[in-house]
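First chain A sits with chain B, and in the next complex the same chain sits with chain C.
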Partner chain A sequence: MLEIRNLNIEFHDHLVPETVVHDLNLRVAEGEIVGLVGESGSGKTMTALAVAGLLRRHDMQKTGEILFQEKNLLECGRKELRELQGSEISMIFQEPMTSLNPVRRIGWQVEEALRLHTDLDQKKRKERALEVLSQVELPDVERVYRAYPHELSGGMRQRVMIAAAIICKPKLLIADEPTTALDVTIQAQIVKLLLKINRENQVAVLFISHDLSLVRQLCTRVAVMQNGYLVEEGRTESIFMEPKEAYTRQLIAAIPKIERVD
Partner chain B sequence: MKKEKNWNLIIGCVLTGMTIIFVLVGFFYTPYDPETMDVTAKLAGVSAAHPMGCDNFGRDILSRVMKGSGTTLVVAAGTVAIGTMAGILIGAFTGYYGGVLDEVLMRIIDALFAFPSILLALVFISLLGPGKYNVIVALGIAFIPSFSRIVRSQFLYQRNMDYVSSAKLQGASDIRIMFVHILPNTLSVLRSSVMIGFNNAVLAEAGMSYLGIGVQPPDASLGRMLSEAQSYLFAAPGFALFPGFVIIVMVLGFSLLAEGMKDA
Partner chain C sequence: MKYIVRKLISFFVTLSLVSFLVFAAFAVIPGDPALSKLGTDATPSQLAALRGEMGLNRPLLVRFGSWAVSFLQGDMGTSYSYDRPVAGMILDKIPITLTLALMAFVLTIVIALPLGIYAAKHEGKWPDRLIYCMGQVTMAVPPFFLGILLTFFFGLVLRWFTPGGYVSYQSDFLGFLGYLFFPALAIALPKAAMALKLLRGSVIQEARQDYVKTAYSRGNNTNQVLYKHILKNALIPVVTFLGMTLTDMIAGSIIVEQVFSIPGLGRILMTSISGRDYPVVQAIIVWIAILVLVINLIVDPIYKGIDPRIRME
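Up next, the complex of A and B:
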């Protein structure tokens, strides 16, 4: 469904052009969860933003192809892209504290994609919003619907973001380190929630993280990036059991283990 | 913990409310016709019949102050309306898009900024000719640079927030992002600058009418009355004092309101 072919992303905002993604090839099949891992600065977020169509700046150059349902996202126009955004492709961000508009009510924000992509009336929109809010397992959805972002905790906000992202039943959900800003117990809940939504809605997830233990729990396939290059890619078990590249081995070795210190 | 009372807001509201009631009453009822002259009452002092006395033509000052503050308020409101609307438009586009558009428009704004707004208004008045509505236009244009600067800086800051990216990703158009998503976030800053702008407009109108290029006689305006009163400062101090006092109350009320809203 999503196929990235020879993607190069190059910035021109300094004297020397800087390539942040080199010749990346990646596929995401329908309903699949693919993990994209790597350390900070390895180009994983850039790749995600390119797929989401958020890298539209004149001081950068993108070559290659990003095919989404046989359509090249790098070549389609603004309007065409907007029609896909929110209805077919959506994204959740790292920082749930800032990714909600502080002056709008939760309900309004969750409904935004419906307002833009469907012609449902106010009542139908609210029904649907309450439905997704309970799908992401928020308690007391009527109250959340009327709340402002500052009234919710970080974990709840991330759930709201997920609700807003899936309200139009997209085919692809990009999750850019959705658990990094949350504490460990909430992380596990969000990962579980993503799994549930993946199964219930048949939505493919591109899960970006540097936390390999989460990736292992969640993803069917893993792609490892380093310095803008795709280092290794394969099924989760084979990557974790018999990593081929030295870099992957190092990453796996870096997973903290709980041991007794004597 | 008990919340401390916001005195600025309370006093500001009371003063502004009083001015507005005063002006509203002035639109429908004044004790005397503000333009009828009465030679016998020329420069009359404060009395029961004329609570603020009479001016050099024997016109009732209270009636003229009521009408005049209405004029001043309308001019100030119109000025701020023009300044804010244009300021929001220019600020939103330049701040959100940046690039060449931003450079070009901001350099023009810089050039306008280089002149004091009163001087700028003077230029426009000499082009348009004096009169109430021309004053609104002239002052309105003179107020655009500062408003667009404020709005631009807010948009510049807000456009990189994650909620803007998520709105983009939900498929919202640029116009929608600018005016539906970002604009409400700038209102808190905008609100107090509108209030301060309103004050400046009251003073600017008074200043221009005082210079004789604003509201034209026989129309009353507070600044106009001050300028007429200056030759009679000793003969009839009330002639200058009362209009001046109303200006002070008006400006003070709005300042306190702006200050109070900032804390609220």
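Up next, the complex of A and C:
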């Protein structure tokens, strides 16, 4: 469903152009969860933003192909891209505290993609919004619908972000470090929720993270990036059990383990 | 409910303090109302008799108390200079000054909002720079001088209005509004320049927030992101500024009324201060304080409407 071919992303905001993604090839099949891992600056977020159509700066150049349902997103016009954003391709971000508009009600924000992409009336939109708010396991959805972001906790806001992202039943959900800003128990809940949504909605997930233990719980396949290059890719278990690259072994070795003191 | 009660209490406390301070100030500053009424030829005994008649020999607190009670009953005293009730002299002037201030306020918004948004949308390009330069120049010019320039250019050169040809609101309301346009513009321009600079910066800053990326990811175009997401956030500091400006504009009106010969509160205030006509001055200042306090009462719920994080407590 998503196929990235020879993607290069180059910035021209300095005297010497800087390439942040080199020749990247990656596939995400329908309903699949693929993890994209690597340290900060490895190019994983740039790749995600490029797929979501959110890299539109004039001082950068993207070459290669991003094929989504056989359509090359890099060749799409802005209008064509906007029709896919929020309806076919959705994205959730790292910071739930700041990713929601502070002066708009949750209901308004969750319904936004419906307002932009469908002709549903207010009543139908609200019904659907309450439905997805329940699907992301928020309590008292009527109250949440009327609330403002500052009235919710970080974990609740990330659930709201997920609800808003899936309201139009997209084919692809890009989750850019969605648990990094949350504490550990909430992280586990969000990962479980993403798994549930993946199964219930048959939505493919591109899960960007530097946390390999989460990736292992969630993803069927993993791609490892370093300095803008894809260094290794394969099924999650084989990557974890038999990593081929030294860098992947280092990343796996860096996962904190709980050991007995005696 | 609790909020309204508290606001009303603070309203009356502030008003009492302002009126007492004005009262006390006139007791302290040099100048004798009896002397300015009778002139320098008056004998000391004539002056003493008049002071007694005016009640100036009584203690300050007693005078304040009796003034406050009369004011609450609608009696603002009698003008020393004109021997007329103050209420009759100033009540019909209040609408003039208030209209001028409100018109200036509306013009500020009408000028600042579109230009601020336009400048932010074209950040760093020539329209932005042009608006910036014009704003800097306008901000540096005080309203009364701007008033003189406007009178010269639009009144004497282009003859769009007749300088000094004030039209009373009782006889021709539209003509009255027309005459107030340029004075209001003189008050509005420097404030509009400030507000647009603030709005431009605020829009540019908000455009870098995370929620903007979220809005784009849902398929909004640039205008939808700007008007449905950024603007309401960007307006928060601007509304705070405009709230303070509105009270400033009443003070601004008083000065600009002089330049454009508008018979509002400003004119009568100036003549009363120089003539030591304390009852008139006192009444005008208390009325201005009432206007300012009422404006603040109205502005608070507007903040709340625009920023849900503010609690009305």
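Methods note: the second predicted complex is superposed on the first by the 259 of 262 C-alpha atoms of A that agree within 3 Å, B and C clash if a C-alpha of one lies under 4 Å from a C-alpha of the other, contacts with A are read in each partner's own complex, and residues count from 1 in each chain.
Throughout what follows, a contact is a pair of C-beta atoms (placed from the backbone, for glycine too) under 8 Å apart; a residue touches a chain by one contact, two chains touch by 3 or more.
A quick note: this is a predicted structure, and the numbers were derived from the prediction, not measured.
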item	value
Room on chain A for both chain B and chain C (clash or fit)	clash
Partner chain(s) touched by A:Leu54 [first = chain B, second = chain C, both, neither]	both
Touching partner for A:Tyr148 - first (chain B), second (chain C), both, neither	second
Which superposed partner A:Thr179 touches (first chain B, second chain C, both, neither)	neither
Which of chain B and chain C A:Arg82 touches, first, second, both or neither	both
Touching partner for A:Glu95 - first (chain B), second (chain C), both, neither	both
Partner chain in contact with A:Thr248 - chain B first, chain C second, else both or neither	neither
Offending stretch of chain C which, after superposing on A, collides with chain B (from 42-50, 60-68 or 186-194)	186-194
Common ground on chain A, meaning residues reached by chain C in one complex and by chain B in the other	52, 54, 82-87, 90-91, 93, 95, 98-104, 112-113, 116-117, 161, 164
Chain C contact footprint on chain A (complex, rising order)	52, 54, 78, 82-87, 90-91, 93, 95, 98-104, 112-113, 116-117, 148, 150, 161, 164
Chain A partner contacts - residues on chain B that touch it in the complex	99, 161-163, 165-173, 176, 181, 184-185, 187
Contact footprint of chain A on chain C as seen in their complex	209-211, 213-221, 224, 229, 232-233, 236, 306-309
Sites on chain A touched by chain B in the complex	52-54, 58, 82-87, 89-91, 93, 95, 98-104, 112-113, 116-117, 161, 164
